[in-house]
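Just below sit the structures, each encoded as structure tokens.
Two complexes, one shared chain (subunit A), two partners (subunit B, subunit C).
For the complex of A and B:
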């Protein structure tokens, strides 16, 4: 009897585990689909788009997550097929370094101008 | 003097910005993935349209020097346009034509083949469109030319035409 009870408790825990696992995957799927551009409705993410391509892409992302791929691996998989453009979050490389560094540079230049003005005013 | 330098500097900066934006206007803002991939063909499994049994890509891509993988559907109008080209290519023994039927109804696909002829040695089904994404396709029709080492050597986005037929014939020579 004890063994049966133990078995049932184990089954319940197993269900909870599966539930949380699929919920995690669902959240991750949503996050990834919001970061992937649709090639048919360009300008929309596949999360927002309802084109055939976007619908298939959502199924594929789910499949890949169920296969055990993590978020970065899914992005890598899609980048290999469609190029860097497919993600809304471009990598830091020789084509994108201006995109990443310019805001930081402008921030420091702006800061320097403000500091200089303040010093001049104080003097 | 200092004001003049400032003015020249700002004018140059504005001109530079204008030049970049003006050049960008000429560029198309529609992104198309690279056509020549030179990548290995991904492995996939799917149902055969005629045999209704599961076949893996390893079983399909054997015993030919070149393969042509064509993504098609009965509801796709450009696919009808390129069908005569595929029929012509199917007569060339150097290349094996494999079809990938994309998100289609079985009866409609069958009707299409019966009406226009069957250029394919094998026809696979892609019911949810995921195999096409594995291949790097994003619309139909799309055609891949694959060599015997299972490398994608050429990719055509959109329907094949006389020019693409000539290009493929050059590859096959």
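For the complex of A and C:
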């Protein structure tokens, strides 16, 4: 098992080593546009849509990236302008903490129930 | 005209048959006869027959383009090809409900025919519960969504079917999916009946397992067909978007998967009885709410085509009544004191199935919360939020890793008491997976830690399931096939998302575009006229490094009724990769917007899903355990 652990640590290091911040704008644009809702379509991201709105949003994102904004700043900019509805990645705030935490809470509750079932068993 | 009338009155007769069955059943329940009333079976058949007549009536109205029928008028057109006239029958709200009703009545009839070795009272109660659901649907169809309402004066021409629904995969997708959904109604009715009759037993588990398998297999295939359709028709090369309508079909699937595992424990040693009942209730509730959410129009989705809030209200009330009845029965009648309890050990198949359910329920919770949370938030705070792939990926992937590793380790455990063996091959496989996932990710530019571990875990599961084929040959072949399918599915989805490449550009006729892998030449366009659309076909020559040439011919279709422009992607599928090309008009310009994608291992996503379903299929036909 030691070897296994070693491999994992090795792997983790390799990954951190590879994580670089200088990402190509084109890749970044693609990534961002997959997470932005096309406001005039039925449930499509602007990446998937060819509507005028989506096309102009793609240009806008590209422009903002060229201005030197990073990924998070672009999201912030878009949210400020169009509201939370536009992003597929909801913020963690007072309205959404239940959304993010409830599933995890339920996971632990489920685990507790199983552990209890296995420990306390009437025979 | 005539077909419409006959269809409508058949529905009323079907409703009357339902009431009659309930009446007879109540009488029959309390008398001392050993067998169920022989009249019930023919009446149940008659009910199915009436609904079939009504369904055929609707199909005929569609084939004849009888626009005096409002449903036909709204969803058909004379120029539509015959195949889509027929599939248009269930491509709309009214027709799809009629299809629900058809499957509901067919299934209860089949249930009666195949359950003759079961206790009388249990059969009668199942029948009654199922008839309550059926009557609810009859009323729903007749009151809020009558497929046979008349229009006068009779319009000359229909409004046409949404062109993106005119597609072979989508023509068979609803019936298959509905068989899965409706199958869960039998499970629901039967488990409530079993609770009331105190008939939760190994015998019951064996009997209901077949029904669980039927719904599960059909639901699996149904979801797959929906995805295939999304892949080539929506024109963006994706197959799953965590869209609300996709989610609501996945939820009953997860629930049924959990149930399928649990019922085996019940069948083996009678534990987890209450959990099985809860899962049965939940599966059907989720199927129903799926219908409600899709039909009510409160979801914003690519798949929402026609809807009406009033209908949503009806389903919602009906759903609440059913849930109330179910919970009432469960808490009043459920007693497990006559079930002998077997201690569950930490390391045993029972415990591992509990953990399996734990994870599946977690995934279900994530999807459920992610799907309905925006609705509640909007009602309460007026704030609109969107929940999409980033949310689901963040909450599901970390847990999926543990799930995969767990799935690799535990299926070899024995019942009741077991121990974990660490074989030398396990370690070899683990090292091999780590090594391979490193190589894979080293060759691509975008990588994250979590993706590496996920890939590693899925490779590990993949190797282990392959080993299972050789290890215990044909011992539990259905499980091995399904698990193998699942590991292949995760693996191909991952490799597909890692290695997918695409380019989007604007091209004029005659222009060339150079990629690392391919050279794309836009050779010419051709205009074509079909019966119900005009199309522009682009001819693209794709040349790869080995000088092999293929042609892709994406189309832009301009449908006349209703006027809609759709782009039909052209896809060249091989075992290694899909070449996907779609083109679009650019307003006021002479060039086209061209999107070319290389999607490796795409076909394996579908093949692996078929493997998953195949496992269930094998299990369905497997000989029952000798008692």
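Things to note:
Keep in mind that, in the parts below, the second predicted complex is superposed on the first by the 96 of 123 C-alpha atoms of A that agree within 3 Å, B and C clash if a C-alpha of one lies under 4 Å from a C-alpha of the other, contacts with A are read in each partner's own complex, and residues count from 1 in each chain.
By our rule, contacts are C-beta pairs under 8 Å (C-beta built on N, C-alpha and C of every residue); 3 or more make two chains touch, one makes a residue touch a chain.
None of these values were measured; they are calculated from a predicted model.
Of the two partner chains placed around the shared chain by superposition, subunit B is the only one that A:63 touches, whereas subunit C remains out of contact. Contact with neither subunit B nor subunit C is seen for A:112 once the two complexes are overlaid on the shared chain. In the superposed pair of complexes, A:88 makes contact with subunit C only, with no contact to subunit B. With both structures placed on the common chain, the touch criterion links A:52 to subunit B and to subunit C.
Between subunit B and subunit C, more residues of subunit A are touched by C. In the superposition on chain A, contact is made by A:40 with subunit B only, not with subunit C. Across the superposed pair, subunit B and subunit C both touch subunit A at residues 37, 42, 52, 83, 85. On subunit A, the positions that touch subunit B within their shared complex are 37, 39-40, 42, 52-53, 55-57, 59-60, 63, 80-83, 85. Partner subunit A is touched in their complex by these residues of subunit C: 234-236, 238, 241, 243-244, 300-304, 341, 343-346, 351, 354-355, 358, 361-362, 365-366, 369-370, 373, 377, 381, 383-391, 395, 399, 427, 430-431, 434, 438, 445-449, 452-453, 456, 567, 584, 587, 593. Subunit B contributes residues 29-31, 33-34, 39, 103, 128-130, 132-136, 138-139 to its touches with subunit A in the complex. Those residues of subunit A that touch subunit C in the complex are listed here as 3-4, 7-8, 11-12, 14-16, 18-19, 27, 34-35, 37, 41-45, 47-50, 52, 83-90, 95-96, 98-100, 102-104, 106-107, 110-111, 114, 117-118, 121-123.
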